[in-house]
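For reference, chains read A, B, C and D in written order, and residue numbers begin at 1 within each chain.
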Amino acid sequence: MGMTHLRNLVGIPGVRMRAVADVRLEAAQNGATVVRAERASDDLDGTIRASDVDAVLISTPTNTHAELIEMCVRAGKPVWCEKPVALTLEDTRRVVDVVESSGVPVMIGFMRRFDPGYAAAKRKIEAGEVGRIERFRAISCDFTPPPLGYIRTSGGIFVDMLVHDFDLARFLVGEVEEVSAWGSLLIEPGYADAGDVDTAVAMLRFANGALGVLEGSRRTTWGYDIRTEIAGSRAKLVIEAPQKTPLLTSRDLGYSGDHYESFPDRFAAAYRAELDYFFACLRDGTPPAPGVRDALESLRVALAATKSLKEGRPVRVADIQ
Amino acid sequence: MGMTHLRNLVGIPGVRMRAVADVRLEAAQNGATVVRAERASDDLDGTIRASDVDAVLISTPTNTHAELIEMCVRAGKPVWCEKPVALTLEDTRRVVDVVESSGVPVMIGFMRRFDPGYAAAKRKIEAGEVGRIERFRAISCDFTPPPLGYIRTSGGIFVDMLVHDFDLARFLVGEVEEVSAWGSLLIEPGYADAGDVDTAVAMLRFANGALGVLEGSRRTTWGYDIRTEIAGSRAKLVIEAPQKTPLLTSRDLGYSGDHYESFPDRFAAAYRAELDYFFACLRDGTPPAPGVRDALESLRVALAATKSLKEGRPVRVADIQ
Amino acid sequence: MGMTHLRNLVGIPGVRMRAVADVRLEAAQNGATVVRAERASDDLDGTIRASDVDAVLISTPTNTHAELIEMCVRAGKPVWCEKPVALTLEDTRRVVDVVESSGVPVMIGFMRRFDPGYAAAKRKIEAGEVGRIERFRAISCDFTPPPLGYIRTSGGIFVDMLVHDFDLARFLVGEVEEVSAWGSLLIEPGYADAGDVDTAVAMLRFANGALGVLEGSRRTTWGYDIRTEIAGSRAKLVIEAPQKTPLLTSRDLGYSGDHYESFPDRFAAAYRAELDYFFACLRDGTPPAPGVRDALESLRVALAATKSLKEGRPVRVADIQ
Amino acid sequence: MGMTHLRNLVGIPGVRMRAVADVRLEAAQNGATVVRAERASDDLDGTIRASDVDAVLISTPTNTHAELIEMCVRAGKPVWCEKPVALTLEDTRRVVDVVESSGVPVMIGFMRRFDPGYAAAKRKIEAGEVGRIERFRAISCDFTPPPLGYIRTSGGIFVDMLVHDFDLARFLVGEVEEVSAWGSLLIEPGYADAGDVDTAVAMLRFANGALGVLEGSRRTTWGYDIRTEIAGSRAKLVIEAPQKTPLLTSRDLGYSGDHYESFPDRFAAAYRAELDYFFACLRDGTPPAPGVRDALESLRVALAATKSLKEGRPVRVADIQ
């Protein structure tokens, strides 16, 4: 994804690629060549603090996000960072404190908000076209299950994967008050070693009275299955990409189109749009969103779901402190 | 289809099944048993003239339609008859003369007009929702090619098959002034013996200035392919049944539904609705439509297309006399 | 619905309409006239026991179902009855005992099983096309909220409405082991008087490990919203009627079709098919399904959901005795 | 479109933006700033001949294409140029001669070939998935009619607009042997001054026996309406973008998505892909396509259609010399 973000940076008005830094110098040099950055470096700290660097994009392993964000903020450099900020509440909260007390703009990459479908849904909701929201529904299924090694440190299905849906729930409907979640291990028995499930469902109760349901799976045979529905007193919105390629092919009796395989293709436009937005905010002086506080709140919902899954009872988000 | 029509008669309010007549008595008896008609007979003429028979439904070979309609009209019995009235202009015109001078209600089974999609399209057009019609597009493809024996006496692809589209063109857009048609023999080389093509295209010029295109084929591998489009100054209508069964099944990446295979399943509702309408007209004293004049006019367009195909030049419908 | 069922009876092979009985004689006479039954009566018991009556269809208020089914069974008459058998576990269980000890065929009208979409889904599941089922998802929303008077005696949103989805869950996936349900009152505040909610969500845990989510609402502005999804190790099935009329109309930029408004139009084919099947079973000597035991088991799931909603915790179906 | 092409150049591997040239220096400077080209100039010839310029992209008024392509070819610089090469057969043929005798790679921007839908269709056809092609169908409608000033010099609806469909017909099916075309003036009566129509239909006869139909319009109220269908002995392909934004919104009973408005949004990916392909060809030494000969052949079909429209009779493409 780092290379994808770099390429997306290239066309943004006013962005000049000063440096690509990576602890592996060769990787930094590769990236710098592709996007014609002025220099490559294996000195992250130095690069962040360099005087010709005005803003920083962080695309690194999850466990480095918190430290790097703090490094940028201390240097007074606006930063865009891939989600998540951190996997624990404590680490995330510490970053929130640092960021909020600094006033430095920090944006976290919950890219789905910038998908044309979700963005249009948000506009319709804000324009009152949906009326009072009554129900939220989300499904998120990956096409290919991640390896056990990833699962061991991911924080679990709610924290690493369905957190995107919790972010959308908060973005489109409002704060979540209570979560109830169940899980099953039906696909990758080996995940038991990491204490994780591969199939999960959850119910959400929102502060405004709306209710929601959520399904997640680590594997499908029919592609990357992402669909969100918002039902309200005036209308229903369905955010779903019907087919990837504008081509239908007859097969037996009937037609079929193709489907997306993964987030890089389904959300290609969103990855571009979120960076465009970040730099537009810097130019305009608008605080970019979603920020670290959003990451914190969505993480709390994910942790409530994880706790509910373990304890077999509904959990209030307020109890996740 | 006879049995289908009989079954459709059963549920119509006010319809009592007096008699089923067929030159083969056994067939008549079978039909009478299934629909609990009061009697079966192999005497068509006697049955038509029977004093307890108030109206007649004709579902017989094409070459008997004209004579049977005339028999009914002479007996003063309202009649519903499968299309076509006849394959030649002369025979059709003679029936039109007999029917129109008699005042007896006669309806011809261009059932597509009664499909919920086409009927709704007509209502929208009449309500002005489409505005001035600019373009007409139709495609009609059968799933399975008919045997050569049928082709020999069918009148050709325009007269036996695409006449349904000419009827829809007249129903939805208006009278056709000129036709230009081409054909190819790509599927069933044996049709050459009957002088027919299996693949055809045509252009239509309507009296109101609208233009149309038409495609037809005797065979597809993806089902019964019927789609009609009406584009106007205010809106476009697409009449098409998207899938037969309300079920999508994932296949590889993507989903597919199933498609209709033939007219009896695609137009099942239309076959019921046209008979409902015929008897509603009889009850109300409204002249039923489409009638024999519609059959004549659509046949003229089909004959113009046939002539155009043979002569390689546009043909005006007015020249088909 | 009584009249709909009567009309659907008319075309079934081998069915002769002996009598229509109703406690209001005039209603019975109306029905008898429309379907040409041989007689009308206000004596339900006498009609059921009449020697020329071989089978009985019950379409009466819910609170009479149990008694009428028992009456038929005592008379040895096979019976088809609208769902539910009864609103309480006790009453339903008593009928199950009576029916099962009698051996008289009894079928209950969970018509969705006979919708072409659900029936095809069942066939695909049984043929192994879906593989091991991992997730079930259902949404059921009525278009127009029922009056408070109905709500007072309906048994609540899970018992009167979402029981259809519990029946489908059992039909397509298997027995439900545990339910967790939440509800909100967002649409019809007056329902508070009946202690009911108008918006509900639930999670289902199946005995085979699959998980499910369910949404229900008493009102939408976009039609009768019924969709069911089955996701398995090999494929996903989506049962949903995409549009009612085979017509798309352009509106602004884009097209829209129309949607069903209510169960009589969405499930018209299912209502016909379930009666066809009932009589086919009688002819073949096959026990018809779903029967009273299915009604009992689906009711238990609905009662578990109702209990979960009230107690704010998951409820095991085994605890509903 | 010039700016769009410039932006698309930015991210292509190995492409360095040397110069932006425009007869209006200010426009050149604007472009150079946006894409960070090394210099801006109002000297087209000098820029083309500059030693550090290895390849040229031409995005200028149609009447300058021929001369600029020739200038590039004489300088030995590979060139990508917007379609068309020229509006007359003579001018186009002259460029073909110059290009073909030079061996310099020249690619013409018939971008639809690079849309993911059309490109996938081509692959399926070449893989034999469609079998023998029997029918081609295309519709191309603009959303907003161009001003009369454009129409006066555009060459007419077939040459400036439907030439894209003729190019697709040749790309997907094969060479066109004969065309028959009709037109009407239904939308913009003022086009009569330019001798053009705003609504057109045509039939195509391909050398391989396939038949085609085509519809075109200068205006719709429902968006940019582009759909192509290829029906063959094994399958049917439908190339159509079902909706622009991955969002369905309920409206009354039913849902609607939005549609594209014009070529820059519908074919955004294609505009990027064609330039990617051009430079990939230069790197690999593959001759890029479509080239000037394709432009010539598609123009001949368009001119045959124009002649047919004027003369009211089918015209063979071989007669357009």
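Here is the rule we use: a contact is a pair of C-beta atoms (placed from the backbone, for glycine too) under 8 Å apart; a residue touches a chain by one contact, two chains touch by 3 or more.
Computed from a prediction, not measured in an experiment: that's the story for all the values here.
Interface residue usage between chain A and chain D, two copies of one sequence, is largely shared: over half of the residue numbers at the contact are used by both copies. Set side by side, the interfaces B-D and A-B show unequal numbers of C-beta pairs in contact, with more at B-D.
To overlay chain B on chain C by their CA atoms, one rotates by 180 degrees, a value rounded to a multiple of 5. The chain with its C-alpha centre at the largest distance from the centre of chain C is D.
Look at where the CA atoms of chain B average out and do the same for chain D: the two points lie 41 Å apart.
Rounded to whole angstrom, the centroid-to-centroid distance between chain A and chain B, based on C-alpha atoms, equals 56 Å. Under the contact definition stated at the top, the residues of chain A that touch 2 or more other chains are 220-222, 235-236, 243-244, 250-251, 255, 257.
Residue ranges of chain B in contact with chain D, taken from their complex: 132, 134-135, 137, 139, 141, 180, 182-184, 186-187, 199-203, 205, 209-215, 217, 220-222, 225, 231, 233-236, 312-314. Chain contact summary for the complex, chain A toward chain B: residues 220-223, 243-244, 250-261. Residues 7, 10-11, 13, 34, 115-118, 120-121, 124, 129, 235-251, 255, 257 of chain C are the ones touching chain B in the complex.
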